[in-house]
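Below you'll find a set of structures to go through.
What follows is chain A paired twice: with chain B in the first complex and chain C in the second.
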Partner chain A sequence: MAELTLTDQFTTIFEAKTGSKEGLSDFQKGSFEAFNTLGLPHRKSEAYKYTQIARILEKNFSEVSVPLETSWDIAEIKERFYPVNEANHLVFINGVWKSDLSEIKSDANHLQISVISESELDLLGKVSNSSRDPFAQLNGAQFSGGLFFKAARNSDNIPTFIYHFLDAENTSISFPRILIDAETGSQTRVYEKTFVNGDAAALVIGMLESKVESNASVRFTKLQQYPKNVYAVEGIYASQDKDSRFHTNTFTFGGAVIRNNVVIDIDGENCEGHMNGLYVISGNTQVDNNTAVDHKQPHSFSNELYKGVIDENARGVFNGKIYVRPEAQKTNAFQSNNNIILSDSATVNTKPQLEIWADDVKCSHGCTTGQLDEDAIFYLRARGISKVRAKALMLTAFAVETLEEVKEELVKDEIESIILNKLG
Partner chain B sequence: MLKIENLQASIEDKEILKGINLEVKPGEVHAIMGPNGSGKSTLASVLAGREEYEVTGGSVSYMGKDLLEFAPEERAREGIFLAFQYPVEIPGVSTTNFLKTAVNQVRESKGLKPLDAVSFLKEMKEKMKLVDIDQALLSRALNEGFSGGEKKRNEIFQMAMLEPKLSILDETDSGLDIDALKIVADGVNKLKSKDNATIVVTHYQRLLDYIVPDFVHVLYKGKIVKSGDKNLALELEEKGYDWIKDEEGVEA
Partner chain C sequence: MSKDDQILEEFTSKEYEHGWSVDFEADEAPLGISEDIVRFISSKKEEPEWLLEWRLKAYRRWVEMDEPKWANVTYPKIDYQAIKYYSAPKQSKKAKSLEEVDPELLKTFERLGISLQEQKRLTGVAVDAVIDSVSVATTFKETLSELGIVFCSFSEAVQEHPELIKKYLGSVVPAADNYFAALNSAVFSDGSFCYIPKGVRCPMELSTYFRINAANTGQFERTLIVAEPGSYVSYLEGCTAPMRDENQLHAAVVEIYAAEKAEVKYSTVQNWYPGDKNGKGGIYNFVTKRGICAGDHSKISWTQVETGSAVTWKYPSCILKGDHSVGEFYSVAVTNNYQQADTGTKMIHIGKNTRSRIVSKGISAGKSQNSYRGQVNIMKRAENARNFSQCDSLLMGDKCGAHTFPYIDVENNSAQVEHEATTSKIGEDQIFYCQQRGIDEESAVALIVNGFAKEVMNKLPMEFAVEAQKLLALTLEGSVG
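Entry: the complex of A and B
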């Protein structure tokens, strides 16, 4: 029997999916068609220049399916919850949201948490333009049991923790989907992390959309502490109305190949959009952060800070696009990507891309890639600090700057200790 | 305490130190003067263990041990302190955090328990007074954006915290205004004892009014070409280095 291509397998998965309701299934069919038209990014795709995603996936996922059963049991799952009582704890298993395993503290008047249904069709896939992202389309076609999260104006501002549990005893795939509707004036804080059982190759095709209505605030922090059998292509698409604030923080500490697509549309005046990221990677991990902020309206501010510490054979890729449309006068847009390379075989590819059509704007970008400063190491050693400690001090200081925007102490501490563990 | 014999060192195959001889005993203050580029900082760096410099000949014994065998941090733990001519800026690491690490690593090497937060702060407060340094400065990233004078003061503050046996002050006076100079010199004098020694590298006799040297040496083209007492510094101030260069010329 001829081997099936990955795309054939996607078709099999799609066709085997138990039918969703009519409206939703039309959306999913449409997405699947769009995916098939776009296809996986080809070899010469500019957007995937440094991450040959099709080749990587074809090679590692010759046979793949969504796990039907899980080896995670309830006790194990609940054990992983952050010890915070006043919080929503939401559980996904293999990409499917499980309401029965989740604990919701928020009042339904403040926060509506439900499975994505056809009532969300006016938002789903439309928050910002993901029509040319094949993985967004693939997720749109394949997801089931997506999470719809609607914060009302009088939201209670308690944090929401999202936990993904994956089964990787056999080669697997999952399609988590989250749709956030932050209504006018609401406050939302979401933290996301993933646990994996098993060491067969696991592929995550994830998608989060967030509509941030006027004067709303959404903070989203993602912890990607993947074991080395995880491959992931995860999208974050947000669109902001006037006076809103949106923060994403993405922390990546491991995995095989991780591609993050972060897109923010600033479609209102007086907005603040922040994209921060840290990748501390070693072994053969490859992390590709592809980001775009699109300033469509005047008087807004965006700031982007990505930092990387790359050791052994790891590779860090950063691409940051800033668009400032002609109408978007008085835009302030800043971006920086700083990398420290710790070994001769570590690599970094970094590329800022500014396209500015307005004339009265302040934009800046800066990319640096270097080694640890030898003079600084000597200075610290000359005070009695060992070489290892000196390096650790400098690297952790470099890395923790990206933690400033994480407001939940428990999460901050957790990430800080991961950093210390990796660099200390 | 320190005995340097015929020390030769080079960097990138360029010979900089060409046979230095110097003996420093406990309680002594030695001043090293000399024109720009003569090798003063190189000597200081070699003593502190900078690995870029290759020692090509000679020996250095410190407290009876072969100093050149030791890594920079080991030398520091054994009581050698170099106040840098150009203190390095270290982004993200506060002086406080850095010093706490340093003090505790030094203590650990001596088999002592680390200082707890309270004792460490107490110690800091005391030493801050000594060099009149501001708390705000110490919570900022180490040397980052510090003025020239603030950096130098911070060096002496670190010295006070680490209580070295042998301090090498590389042009700690440059960039200091007269008041700061007095404060720094005062600090150094207060830390002086009959058991520790100081080497001050300077271009200015002015500092030596405050930190009075027992010996003054002139380093020129990688060699100590003249030694004397504090009057040598006065003479240099008056006549410049030309007469020494001339004497050297005659000898060569």
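Entry: the complex of A and C
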């Protein structure tokens, strides 16, 4: 029998669901159709120029399925929670939200946490424009047990921690999906991290959508501390109404091939959009951060800071796009990408991109790729600090700048210790 | 109507100054392209067999290729069968001196402001003038030949220096490099050839004055510059074209070969007809320009001032192969009305300690779109490579666009690469500051724009700087307030 292509396998998974008791919504059918039309990004696709995603996935996932059973036990899961009492702890197992394993402290009147149901399907996929992202469509077709957040008007919410548990004893795939609806004046903070059991190749096709209504604030922090058998294509799509704020922080410390698509649509005046990211990678890890801010309305501000430290055979890719539409006068948009290469065989590909159609704007981008400043290291050594320590000090200082927007001390400390561990 | 609008109106209603055409008896090929046309052009030029083969090979590859779509420009589909690929001004016999040249031709140059006699007598610039597709007169040949410098039309070089042409043609831009280069390789009509022998410093600026004439004539020049070890040359290229309604295709190829310790400076002022204020007509400028720093310590420097053409698609590049070689790119691109420009550079660092510098200034006005697209590639063995890129955009008016697409690929950990880009408009406070000091608004704008572009303008040779500044002022006069 000829080997099945990845797309064939997706079809098999999809068709298996048709017969299941959950059935399929029109949204999922539509998404699957859209995915089939778009197809996996082909070899010459500009958006995947440096990450031949289709080839990589075809090679590593000749047979793939969503694990039906889990080897994680409840005690083990609860142990992984951050020791914060006043917080929601939500558990996903293999991409499916498990309400019975989760601890919800929020008042449902303030923060509604539930499975994405029929009534929210209308919002799904429409919050911002992910129609041309094949992986977003694939997630839309395949996900089950997605998570829906609704922050009520003017609610100031306690933090929510999301924990993903993956089983990778056999080649597996998961499709986590999160939808955040932040109503006017609400404040939401979400943190996400992942744990993996097993050494077989695991593929995560994730999707987060966030609707940020006027004067609302959403902060989202993602920690990707993946072992080297994890492949991930994860999307963060947000659309902002007037006077709103949206922050994303993405920290990547490992994995096989990680692709992050972050897209913010600024659809109202006086918005603030922030995207920060850090990738400290080594081994054969490849991280591809693809971001876009689309300024559609005037008087908004966006800022983007991505930093990378790349060692051994790793490859860091950054592609940042800023669009400023003709209507979006008085926009301020900034973007910065800095990389430090530590080894001969590490590679950096960066493509900061500006597309501007409005004249009264201030936009800039800068990117640098280099190594540590020899003079600064000499300065430290002249003061009796060993070369190794001096380097560690410099690299850590370089990396922690991206932590400034992480407000939860526990998470901040954890990331800081990972950085110290990797670079110290 | 405010004063600004008035100035804008005045300027935009200004017709192209160099818009006229002179009737020559052209010796033309029929419309369209085929193997026969390629053979026709080759036989017209009395070319050797190997060159015909080379052209045919390029043509066969071209037929299989697709027109590139990735550039940030839109234009109606080009009908390659509706273009005349060869058109030569008829002359009874070959001119031996300027006196024998068709007086009509000489008048053309006078109207453009470069009388050959004057050039010869006063400026000390050798001019290889191209009207349509055949070089008409070459001056200062003797002075140059005393030094061993070859500076002649391409067809002449094919006859007189076949060994050099055979060695270097296609060595930097292979025949099938890209769609337009392949087309050029198949049907190139003429161009310039320049050879600087070992250790010779060319005593004058070499210049080609391009000019497109005759409706529906695509112009396909081919320029080849070879600088032997330790030599130096500064090469100038400039152009203006008459007003036409139909779009004219221009697909040129420029190849530069710099051997050890050689330096080549290539400057362009491009002012082809940009189309009228409604975006009708204008030249399509799809050019492949590439230089290779083949030897150690060699240097190639591109300077360009782009103000014309309806659509520009041009990326003068440097392959830094030799150790310690240097590549430079300085560009000012101005677009107005419905012009579109997608221009930039590629710096490919292969050798150790190679350096490159990119300074690109884009100015967009009217309803134009101006893009910078560049690539900096530091290969694995390019130890201590260094690059600095800066691309700034200035927007005038709220209907134009400025775009930046830089690609930075680094595979070596000792490399240092920096890229900076900004987009802004002329600040009200800047204008106010000037006005406070008694400088009127229009002069203030000119001052600021000139200051914005100065870093690039300074790199132009004297002869060109004047023309370029005039062009810049003319193109942008009163575009903002």
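Some points to look at:
Here is the rule we go by: the second predicted complex is superposed on the first by the 415 of 424 C-alpha atoms of A that agree within 3 Å, B and C clash if a C-alpha of one lies under 4 Å from a C-alpha of the other, contacts with A are read in each partner's own complex, and residues count from 1 in each chain.
Note that a residue touches a chain if its C-beta (ideal position, glycine included) is under 8 Å from a C-beta of that chain, and two chains touch if they have at least 3 such contacts.
Remember, it's a predicted structure, so these values are computed and weren't measured experimentally.
Once the complexes are laid over each other on chain A, chain B and chain C both fit without any clash. By the touch criterion defined above, A:Arg381 lies against chain B but remains apart from chain C after alignment on the C-alpha atoms of chain A. By the touch criterion defined above, A:Leu393 lies against chain B but remains apart from chain C after alignment on the C-alpha atoms of chain A. After overlaying the two complexes on the shared chain, residue contacts for A:Glu401 are found with chain B alone; chain C is out of touch. In the superposed pair of complexes, A:Asn349 makes contact with chain C only, with no contact to chain B.
Set against each other, chain B and chain C differ in how many residues of chain A they touch, and the higher count belongs to C. In the superposition on chain A, A:Ile178 makes contact with neither chain B nor chain C.
In the superposition on chain A, no contact is made by A:Leu423 with either chain B or chain C. Rounded to the nearest 10, the superposed model shows the Cα centres of chain B and chain C diverging by 70 degrees about the centre of chain A. By the touch criterion stated above, A:Ala358 is placed in contact with chain C alone, chain B being left untouched. When the two structures are aligned on the shared chain, A:Gly366 is found in touch with chain C, with no touch to chain B.
Minimum C-alpha separation, chain B to chain C, in the superposed model: 13 Å.
Chain contact summary for the complex, chain A toward chain B: residues 373-376, 378-387, 389, 393-394, 397-398, 400-401. Interface residues of chain C facing chain A in the complex, by the touch rule stated above, are 70, 380, 393, 395-425. Taken in their complex, chain A has these residues touching chain C: 46, 326, 329, 339, 341-371. Those residues of chain B that touch chain A in the shared complex are 48-52, 71-73, 75-77, 81-82, 84, 87-93, 97-99, 101-103, 105-106, 109, 141, 158, 162.
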